[in-house]
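Below are two complexes that have subunit A in common, paired first with subunit B and then with subunit C.
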Partner chain A sequence: MSFVSKPRSFKASIGALTFGPGPSAVTIGGGGTLPLHFFDAKPDAPPRLPKVGVEVADTGFAAEGLPLLAACYDGAATLAERVRRAASLDGADFVCLRFEGADPGGVDRPVEECVALAKEALDASPLPVAIAGCKNVEKDTALFTALAEALQGRNVLFLSAREEDYKQIGAAAALAYGHKVGAESAVDINLAKQLNVLMTQLGVPKESIAMNVGGAAAGYGFEYVASTMDRVRAAALEQEDAMLQMPIVTLVSQEAWAVKESIASAEDVPEWGELEQRAIQMEAVTAAACLASGSDAVVLRHPVTVGKIAALIKALGV
Partner chain B sequence: MALKGLDIFKLTPKTNCKDCGSPTCMAFAMKVAQGALPISKCPHMAPEALAKISEAAEPPMKTVEVGAGSDGAPPHKLGGETVMFRHEKTLVHQNLYGVRIDADAARMDDAAIDATLAEALGMDYERIGERMYVECVYIVFTSDAARNRAVLQRVLAALDPGHAPNQGKSRVLLLECADAAAAAPLVEAAQGFKPVLCGARAANWETMNALASSKGLALGVGGATLEELHDTVEKLEAAGNKNLLLRLGDPAAPSAKDAFASAVQIRRAALKDQDRTFGYPSLVDLAALAPGDSVTQAALAAVFTLRYGSIVILERMGYAEALPLYGLRQNIFTDPQKPMKVTPGIYPIGGADEDALCCLTVDFALTYFVVSGEIERSGVPVNLLIPDAGGYSVLTAWAAGKLSASSVAKFIKEGGVEGVVKNRTLVIPGKVAVLKGELEASLPGWEIVVGPNEAVQIVRFLKTLKR
Partner chain C sequence: MARFITIGERIHCISPSIRDAMENRKPEPILKRAKEQLDAGATYLDVNIGPAESSGEEIMKWAVTLIQGACDNAPLCFDTSNRKAIEAGISVYNRAKGKPVINSADAGDRISNIDLAAANDAIVLALCSKSGISADNDERMAHCQEMLERALSLGMEAEDVWFDPLFLVIKGMQDKQLEVLEFVRQCSEMGLKTTGGLSNVSNGMPKDIRPVIDSAMVAMAMMNGLSSAICNPCDLRLMQTIKSCDVIRNNYLYADSYLEF
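Right after this comes the complex of A and B.
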């Protein structure tokens, strides 16, 4: 009996979310196959490739032991200039501006200052912009509410609204000013669905919601991330669960750069070798694992991983 | 897929002779279908019927053993999977990683071979009870017999089980050589490793099969298309060889897209469509898919770790590649029903000595990693105490009675903590603040401090506490 290829098709598909202004907008999601299974796509369907975002923090990055990362942003004195550099990287589809400095436990940058910085950054960026906060619920709520108004018409993706603050962020960003919102849950399919249900009940259109189902660096509980995404994708495509069909955005850099492998210096752990190569591989492996599991967009930090992961997506998809 | 009771009944003699011990053939067939009785209990089954039933009872994907193993390290098993995704049940045999050696001197001279081997074979560490090392060396041979011999000897010398870096490790040698006559002396020289012979194709499968079968070796099979590969495997199976590895993608035209599509379609055919011809483990050479590009190779290795690669070959495997990849593999191949546990004990972090503060958490690996990472980030030296808490997270362990004041007190007194650490301040997780009073009562001389609820608050907590 000879082999006959049987493409696996579904009636349902993943929602498409578009952010960014007018002609430069980027669309994430929209595919109708399991992750990276481009060979299963219907012949007439255009390939829906996952997108790559470049993380830029308002505080800049500590670049000790990271000469390539340092060179990428060398001499960029302002946030706007760093955003311009990030947007010019090979493979970048969007910029993810992260207000780490807003954290009340850290720099505690006031909301007004963040808003002014964000405006400059958006003016400087030729690519669509997603904005992430500092993980402090109260500050993020205040920050996103102010940003939503100030950036009216710029069609920004806010990352993210959580169970604690989805009402304020959903109402301000999506309902009042027509931005897009990421719904963030902690690596659990039921929590992810619940937040999507709550957001839609609030009145946020399905097309304005992305999911941030949580992440982990490779080796640090990634099995939960993989199985959560596997199950979310199965529910969306096989069971046609409309409340789990939103595209998935994963902030890979947040996880990959927080583990020992990408922090410990070569002096501290001599057998591990140079820090930068280690950090790049941690980010690349984590990003590829997220893409294989179901991320429709990944946010990365290092210029090398941005280029390599974007090229890999094209190699698998085109 | 197993046969149903009715299908088995149709194959029985239907005489209700009771020789099997069951009252009727129907009752017997039902018990066989449930796995309660072996089919051999019936003395009257026709041989064809027996063959059909035992074939149907075979698992959809074969388990293939590779390598010879060494003292204390058995050969590796591959395949034997029953589900496409780990949440459906569990994945049973983790994939293996290897490095590629080119016998072609224009691609790799002796110095490059030595450097690749030294880096890959020297990589060795332990993580959550598992020893991490490069399991496979994949040699691609040329048409130059003398060079082939010399390179094989070089690799064999490096893999000598007597050398310290090889002790306790089960290494697998894979020999890629499409010419059976040229491969024969190489296989002979490497026989002690029970190498995998790779390079069988539609054109040479007969001679390659003869060589592999005569030596009892697993055979790697490839093809330009999935159809061609399927036909070749059918021929090999008809010739009696079921000890195979399937090469992903066309070896003559390497393409990542093609290799990934093959990985998915082969596994899907075997597990979803009951096509046993494709029920074998796979082999993928990432060095050919992204030559000279270690970042793309590592990213692809992650993809094939998650999706159906059994032996994954890279150009190099140093710590930079291994740390994320082996960590990912360890995560993905854990049984979803069994939590990953770290060994209970005292873990000094940030240069902690006997005077450093003690912090308590549980032995659930994820909790341990998150907590130890945050402590490390704080820069405060801490002795992290891990009692046996059943591998559960803090609240679950507490609710299950695995983390209680008495179990912690017992660990601190009888586990030797008091002998090793002089500091008498113990920070307990905020989520089990309720244990404070009882702990103070059962641990006289200790000051019990309630720590934060969440790991993200640890850095600030420790910095404040220190002040």
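Right after this comes the complex of A and C.
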């Protein structure tokens, strides 16, 4: 008996969020199939492939034991130059600029300095830019508010607004200056939905909201991430829940580069082999798992991972 | 499971203002009730024009165009014994938000409304009775099977036939209530969709009691798998109960604001 394809189709679809200025803008989401089931896309609606973002931190990355990563940014003295390099990587759809240095517990870079850096970085980037903060609620609120004004008209995606600061960030970034906002929850599906409701009630249009539902490196509680994303996508498509139809952005690099497999040197753990290949695998495996669970965009750090994941998406999307 | 489907019952020619609006083609009273019900959370709007023997086709076309035009193509339920009026309504109906629903067929004189649904790719409400109220669940099930077979033989999908056990008034038929609920369970165990005129159960009760009884009934019926009801979405208690039951049945994801939308 020959194989008969039975497309799984839904009446509902995931919202499309576009960020970046004018012709260089990128759109995430917009699909109507289960994750990676591009073959189920309706003939009149071509599959919407997930997008790949490249993470660049204002502080740069420690590159000890990571010669490939170091080579990618070798000689790039400024943040703007590093952003340019990241944007030129094969497979990059956007750049995710992360102000780790803003953290009051770390470098504590003043807001004005971050704003100046961000402006230079955006001028340097041929690709759309998403901006992430330092995870300190107070500082991120001040930073995003200032950036939203300074980057007016640049259509930036801010990652992210949380339960504690969605009002300020939603109002400043989306309502006042027309930017896009990610709503961040930490693997809590009810809160993910509630944040979308609250942002919508604030007046932020649905198509200006993305979801960052949290993440975990593979092997570090990833099953909770997977089940959360599965449930979000099922509610969005099967139950046609409009408050969960926002596209999902996952900051994979933040998780994948924080676990011992991506940090411990070959000298410390010789039986694990060389560090860089190990770290690349960790990031690639985590990213692929996120895509299979429903991420519409993943943010990655290593140039090799960016290439691998972009190739995976392209191969499946044909 | 999909979310519970609420069919708003308030555009009904038994109401003097609606009857007058239909007869004299006055948009305001109809649109007011349409918007109220949609704002309150109705999925479908029932449009009951009565038998409307003389001008049913015109009235239905007018009402469909009026309501869908003003309410973002809200899906509608055609409620009349005038077949031609249903056909006329469907001819101008926009399916963007859902198939039209024909209200209703039964296993007796109105069985051909199933044919009408099949011919028009519509959903049909199938009342599990023939002439009068079924004596017991065996009879209800026999009617259900007959209508299901007819629908399937005409090429319809089972999910487009919503079986109505016929909810019975508590004042007078209190002893029959559990039987009706049991029938809802039998249908849902067979994978069939169910609906019914929920407000029947509280008919004749004081105004302040009706929301309480309707809410209790819908909760018990949803426990048994009821997938839809024709009811009053402007009854806040009822809608809160439906939304809560949808959350408990895992038909709808909980969020702290779940009652608000």
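Quick note on the criterion: the second predicted complex is superposed on the first by the 315 of 318 C-alpha atoms of A that agree within 3 Å, B and C clash if a C-alpha of one lies under 4 Å from a C-alpha of the other, contacts with A are read in each partner's own complex, and residues count from 1 in each chain.
As a working rule, contacts are C-beta pairs under 8 Å (C-beta built on N, C-alpha and C of every residue); 3 or more make two chains touch, one makes a residue touch a chain.
Owing to the predicted nature of the structure, the values given are computational and were not obtained by experimental measurement.
S.K.: For A:Leu244, is the partner it touches subunit B (first), subunit C (second), both, or none of the two (neither)?
M.R.: The answer is second: A:Leu244 touches subunit C but not subunit B.
S.K.: Which holds for A:Arg231: it touches subunit B only (first), subunit C only (second), both, or neither?
M.R.: Both partners.
S.K.: Determine, for the superposed model, which of the two partners subunit B and subunit C contacts more residues of subunit A.
M.R.: On the superposition, B touches more of the residues of subunit A.
S.K.: Quick check for you: in the superposed arrangement, does A:Gly219 touch first (subunit B), second (subunit C), both or neither?
M.R.: A:Gly219: touches subunit B, not subunit C.
S.K.: For A:Gln194, select first, second, both or neither according to whether it touches subunit B, subunit C, the two together, or no partner.
M.R.: A:Gln194 sits against subunit C, while subunit B stays out of touch.
S.K.: Starting from the residues of subunit A touching subunit B, keep only those that also touch subunit C in the other complex, and list them.
M.R.: Looking at subunit A, the two contact sets intersect at 231.
S.K.: Could you please specify the touching residues of subunit A with respect to subunit C in the complex?
M.R.: Interface residues on subunit A, with respect to subunit C: 189-191, 193-194, 197-198, 201, 231, 235, 238-241, 243-244.
S.K.: Which residues, counting only subunit C, touch subunit A once they are in their complex?
M.R.: Where subunit C meets subunit A, its residues are 2-3, 251-257, 260-261.
S.K.: Inside the complex, what are the residues of subunit A that reach subunit B?
M.R.: For this pair, the touching residues of subunit A are 1-3, 5-6, 8, 36-39, 105, 135, 217-224, 226-227, 230-231, 234, 258-261, 263, 271-274, 277-278, 280-282, 284-289, 291-293, 304-305, 308-309, 311-312, 315-318.
S.K.: Using the touch definition up top, name the residues of subunit B that touch subunit A in the complex.
M.R.: Those residues of subunit B that touch subunit A are 85-87, 127, 226-227, 229-231, 234, 255-257, 260-261, 264-265, 268-269, 273, 275, 277-278, 293-296, 298-303, 305-307, 318-321, 323-328, 330-332, 334, 336, 365-366, 369-370, 373, 376-377, 456, 460.
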